[in-house]
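You will see subunit A twice below: alongside subunit B first, and alongside subunit C after that.
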Partner chain A sequence: MADLNIRNLQKDYGDFSAVDGVSLTAGASELVALLGPSGCGKTTLLRSIAGFVPVTAGQIEINGKDVTRLAPNKRNTGMVFQNYALFPHLTVEKNVGFGLEMRGISGAEADKRIAEALELVSLGAYGHRYPKELSGGQQQRVAVARALVVNPDVFLLDEPLSNLDAKLRQSVGMQLRDLQKSLGLTTVFVTHDQKEALMMADRLVIMRAGKIVQEGSAEELYDAPASYFVADFLGHSNVVSGKVTPEGFLSTGGTMFRCDSAGMPADRVMTLRPENLILGPAAVALPNSFEARIQSITYLGAQSEVTLSLPGGDQLTATHQNRTGDSLTLRVGDMISAGCLPEAVRLLVDDMTTAH
Partner chain B sequence: MQTSTLSKLLFHAVIVLLYGFLLLPVVAVTFVSFFDSQFLSFPPPGYTLNWFANALDQADFVNGFLTSTKVALIATVIGVTSGMLASIALVNYEFRGKEAIKGFLLAPLLVPGIVIGTALYVFFIQIAQMTGYNATTSMRGLVIAHVMLTIPWSVRLIVASMGMLDRSVEEAARNLGASAWTTFYRITLPRMRSGIVAAALFSFVISFENLEVSVLLVSPGNTSLPIAMLQYLEWNMDPTLAAASTIQILIIGSILLISDRFVKLSQVV
Partner chain C sequence: MTVSKINIRQIGAATGLLSPATLLVLGSLVLPMLILLRYSFNAYDPMLLMRETFTLENYVRFFAEPYFHTVILTTLAVALGATIGSIILGFPIAYFLARTQSRFKSFLVVLVIFPLLVGNVVRAAGWITLFGTRGVVNVTLMNLGIISQPIEIMYTDFAVVIGTLSVVLPFMILTLQGVIENVDFSIVDAALNLGASRYKAFTRIFLPMIMPGVLAGFVLIFILCMNAYATPYLLGGPGYKMMAPTLYNQISSVANWPFASALAFILMAVTVISTLLVTRLTTRRRR
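Take a look at the complex of A and B:
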C-alpha cells in the first residue's frame, strides 16, 4: 500500500473555487475521512484524486508518483461510488472481474482472485446473480469487492454508507474498517455524517468552502476544535456571546465563566459541550457554578436534554445521564445548580457569524 | 361497493373501446383481403385466397417491396448510427448551441411530409442544374429523404433511453482501468441497446411505410411499395391492396414480436 500526497490543490469553476488550495496526506494504511457540509468541496477533492475532475492547479502524488494529469484509468485507485455504480448488464462475477480483465488478467488467476474478493465480502455464493437481484447492502459489498480485487494504491469511498438503512450502517461501517485495516489500505472516505467519520476514521479532515478547516484524530477535533464551526459541526455545543476578560469570559447576560484566557483576543465566542455542563449538588463546588431555571426537558432515553435559563438571559443546554435511583429530580420551572470546569470552557474564533 | 364495481366496468369498457378503435383498421383490412368479390360489399359472397396470389403476381408490388426494404435498411443504418452519435453528444456533453442542435435534429417531425418531399425535390433539381448530378433518378434521393425521417426518431428514442442511464457507472469502468473507448464499447453501448433497437425498428417502419415524402422522389424502376400500391389504386378497386397490406402487417408484426423477445421495448417506448 502506498501513500497519498496532495499539495495546494485548486479546482475553480469560473469565479467559484470548489477546492481552494488544499494540501493533504494519507499515510500507508491510514483511513482519512473528509467531512463537511454539502458543497464544501469534499466530493470534488475525492473525484480529483480518482481523476474525474481536471484540477486547475496543484499536485496529486500516489506512492511518490505524480498522477495529477493522468487519466482515471491510469491511476490505480479503487473507488466505491455512493450509488455503487455496478454494471447492471453484468453478473456479480463479471462486475468484480472487470478491473482484472482491464489489467490483462484472465483464466484461473482471475477466477481465483474474483472468488477471494467475493469471499472477503461474504458474497461467495452470489457470483452468478445480477446486481438488481441483490439487496442494497449486498450491492455495496459487490462494489467494495470490485474496487479491492485490483489491489488499488488508494481506496476511495464516496459516502459508502449513506444508501444503507440506519441499522446496517453501524455494522457495515465496522466491517469496512476491519477490512481496510487488515488489508492495510490507504483510504480516503467522504461523508457528511459525523457519526460515520468518528466511527471509522483514523484522521478527520473538516472542510468548509473548499478549504480544510481542521484535521486531526476524532478526540482532538472533538475536545479541541479550532473554531466555532468545527465545535458546532462535530457534536453539539452551547455557544455564548460576550467578551474575553483576564479571568475568563463574561457573557452578554452577565455570567462569568472562569477559564484560561491568557493571550486571547477579545472577539472570541465561548462554547461548552452539553455533557460538560453538570447539574445538581455536584455542580455547587465547581469553579464555575450558578443557579439556573429549567426551561425545558427533552427525554431521550439514556439521556435527557435540559435547557437552562440563566439569570442574565443566557441559555445553556445540558446533557443529563438518566440513571435508575438517581435522587436528582428535574422539573420544568425549578431552579437548579449547574456548573462546569474551566477546562470545559472553550474560547474560539467565531467563523460562523463573520461573512464567509 | 357497487359504485366501485360499476366504475371498474366502465374503465374496462373504455380501454376495450380504445383498443378496438385502434385495431379496427388492421382487423378490417385483414378481413377484407379474404373477400371473394371484385368490389367491396358486405356481407361478402364468399372467401378466397386469390387476392394474395394476385398481389404477389404484381411485378410492381414485388419490386416495390424490394425497393422499400432496401431503402428502409440503408436509411435505418445511416439514421440510427448518426442518431446514436448525436444522442451521445447531446446527453453526455455540454456545449454551446446544444438545444438548437437538438431542435434542428427533431425538426423533421414537425414539418408535414409532403412539404419535406416537395422541398427536397426542388432542392435536388437545383443541385442537378448546378452540378449535373440528379439524385431523383436513383434510389439515392429516396435514401437521403428517409435518413432525414429516421434521425429524429433515433435521437428521440436513444436520448430518452440514455436519460435513465447513470453516468457514474461509466466512471466506475474508467476507475477500474478501462480506456474511454473500452468504456463506451463495453459499458455504454450495451446499456443503450434497447434504445438502439427501438430506434432501428421505428426507423425501419417509418421509412418502409412512408408515402408523402417519397411520392415526388421516386423514379421508374425505383418505386417504393406504398407508391406502387397508390398507383394500383388509381385503376383498381379490388381487395388486392388489402392482401398486400395484410402481408405487410404480418411482416412488421413479426419483426416487433421477435425483437421484443430480445429487448423489452416497453422499457423505452
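Take a look at the complex of A and C:
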C-alpha cells in the first residue's frame, strides 16, 4: 500500500476558501480521520484527493507520484460515497465488476475477484440482486467491495456510516476498521461524528473553516486539546471564563482553580471535562475543592449528568458514574462537595468567542 | 359494523366530491370518442352525408387504397424524424440547462419556453419566409454562388420535419432537463473513480440511468408529432400526406364524417401500437 502526501492544498470558490492551505500525510496502512463540523471542507478535501475538484493551489502525491492535475480515472483511488452511489441499473456483481472491466480484466479472473470482494463484505449470496433490493447496510458493503476490488492505492470514505441507523454504526465501523487493517489500506475517512472518528482512526485531523486546527491520536487530542474549539468538539467540556493568575485560574464567579499557569497569557479560557469533576467525600481532599449546589440531574443509565451551581454563580457539569450500592445520594437542591485535580484544569486559547 | 358504515359514508363523500371532475372528463373526452367510434361504422352517402348502419367499409377503404398507406407511413416517418431530431438537438441544451450553475439559468429556461408563446401558425409563417423560393436560405445560397436556381424547400418532407421539430423542441428540452436534473451525479463520479473514461461513464452509466426518462420524453413528443396538423398543412402544403390534415380534409371538403372518424381511430391505434413497440424494444434488456 501506498502513502498519501498533501502539501498546502488550496481550493477557492470565488473569495471563499473551502480548503485553506491544508498539509496532510497518511502513511502506508494508516487510517486518518478528517473530523470537523459540517461545511468545514472535509468533502472538498476528499474529493480533491480523488480528483473531482480542480484545486486552486498545492500538491497531492500518491506513492511519491504527483497526481494533482491527473484525471480521476487515472488516480487509482477507491472511494466510498456518502450515499454509496451504486449503479442502480446494474446488479451487485456488475457494480463490483465495473472497475475491473474498466481495467480490461474480464472472464474467470474478474469472476474470481468479484466473488472474493463480495465474500470480504459477507455478501457472497447477493451478487444477482439490484442495489434497491438491498438494505442500507448491505448497499454500503457493496460500495466498499466495489471500491476495494481494484486494489486502490488510497481508500477514501465520505461519512460511510452516516446513512446507517445508530445500532449498525458501531459494528459496521469496527468491521470497516478490521478490513482496513487486514488489507493494509491507506485510508482517509471523513466524518463529522467524533465517536466514529475516535473509534476508528489511527490519527485524527480536526478541521475548521478549511484549515487543520490539530492532529494526533485520539488520546492526544482528547487529553491535550490545543484550543477551546478542539476541547469542545471532542467530547464535552465545561468552559469557565475568568483570568489567569500565578496560582491558576480565577473564574469570574470568584472560584479559584489551582493549576500550572506558568507562562500562560492572561486571555485564556478554562476547560474541564465533566468526567474529571469528582463529586462527594472523595472530592474534599483534592487540591481544587469546593461546595456546590446540585441544580439538575439527568439520569443516563450508566452515568448521570449533574449540573452544579457554585457559590459565585459559575456552573459546572459533572459526569457521575452510577453504581449499585453507592452510598452517595444525589438530590436536586442539596449541597455537595466537588473537586478536581490541577492536571484536569486546562487553560486554552479561546478560538470560539474571538472572531474567526 | 360501524366501521363499514363509516367507510361507506366516506366513500360516498369522496364520490360526491369527485363526481363533478369525473363527469367533466366523461363528458368532454370519453363521450365524443364514443360518438366518433360509432360514426366510424356508419356509411357515407353523398346525399344524406351519413347513414346509420354498421359497416367496416371505412376501415377496409383505408387498408385497400395505397394513397392512405403513403399517408400513414409519411406520418410515422415525419413523427419519428422530428422526435429523434428533437432528442439529438435538445439533449445538449437540456444537459447544459440541468447542470449550469449560472445565475441566468431561469432566464435561459424562459428563452426555451419562449417559442411556445408564439403560436404554431405564426412560427410556420416564419419558416415560410426562411424556406420560400425567395426566402432567406435561397437568396443567401444564390448570392454565395452555391446554387444558380432557387431550390424548392417549401412543401417538402424536409420542411415539414424541420417545422414540426421546431414546435416540439421546447417540450423535449424541458422533459430531458427534468430527467437530467434528477440524476445523482455522484454515481457518474463513482464510475470515473473506478477508472472509467468520461466517454465510458457517459455511455455505460449515465445513458442507461436516464433511459427511462428519455423514453417518456420520446413517447410524449412522438404522440404530439403524430397528431400535428397546422405545421404539416402550412409547410407541406394543403395536400400534404399526413394523417391529421387528411382527416380534416375529409370533414371540411367532403363532409365524410364516417371515414374521418375511422381515420381518427386508425391514427390513435397506430400511435399506441408504435409507442408500445418502441417501449418494448428499448426495455427488453432491462428489468
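The rule is simple: the second predicted complex is superposed on the first by the 356 of 356 C-alpha atoms of A that agree within 3 Å, B and C clash if a C-alpha of one lies under 4 Å from a C-alpha of the other, contacts with A are read in each partner's own complex, and residues count from 1 in each chain.
Everything that follows uses one rule, which is that contacts are C-beta pairs under 8 Å (C-beta built on N, C-alpha and C of every residue); 3 or more make two chains touch, one makes a residue touch a chain.
All figures in this text were calculated on a predicted structure; none of them were measured in a lab.
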**Asked** Mind checking subunit B and subunit C on superposed subunit A, clash or fit?
**Response** clash
**Prompt:** A:Gly39 contacts which: subunit B (first), subunit C (second), both, neither?
**Reply:** neither
**Prompt:** Is A:Pro72 contacted by the first partner subunit B, the second partner subunit C, both or neither?
**Reply:** both
**Asked** Counting only touches as set out at the top, which of subunit B and subunit C does A:Gly21 meet: first, second, both, neither?
**Response** neither
**Request:** Determine, under the contact definition given at the top, whether A:Tyr130 touches first (subunit B), second (subunit C), both, or neither.
**Result:** second
**Request:** For A:Gly235, decide between first (touching subunit B), second (touching subunit C), both and neither.
**Result:** neither
**Asked** Which holds for A:Val150: it touches subunit B only (first), subunit C only (second), both, or neither?
**Response** both
**Message:** Just checking: does A:Gly280 make contact with subunit B only, subunit C only, both, or neither of them? Give me first, second, both or neither.
**Reply:** neither
**Item:** Intersection of subunit A interface sets (partners subunit B, subunit C)
**Value:** 50-52, 71-73, 76-79, 81-83, 85-89, 98-99, 102-103, 146-147, 150
**Complete:** subunit B residues touching subunit A in their complex are 166, 168-169, 171-180, 182, 186-187, 190-191
**Request:** Mind listing the subunit C positions that touch subunit A in their complex?
**Result:** 184, 186-187, 189-197, 200, 204-205, 208-209, 286-287
**Item:** Residues of subunit A defined as touching subunit C within the complex
**Value:** 50-52, 71-73, 76-79, 81-83, 85-89, 98-99, 102-103, 130, 146-147, 150
**Asked** In the complex formed with subunit B, which residues of subunit A make contact?
**Response** 50-52, 71-73, 76-79, 81-83, 85-89, 98-99, 102-103, 146-147, 150
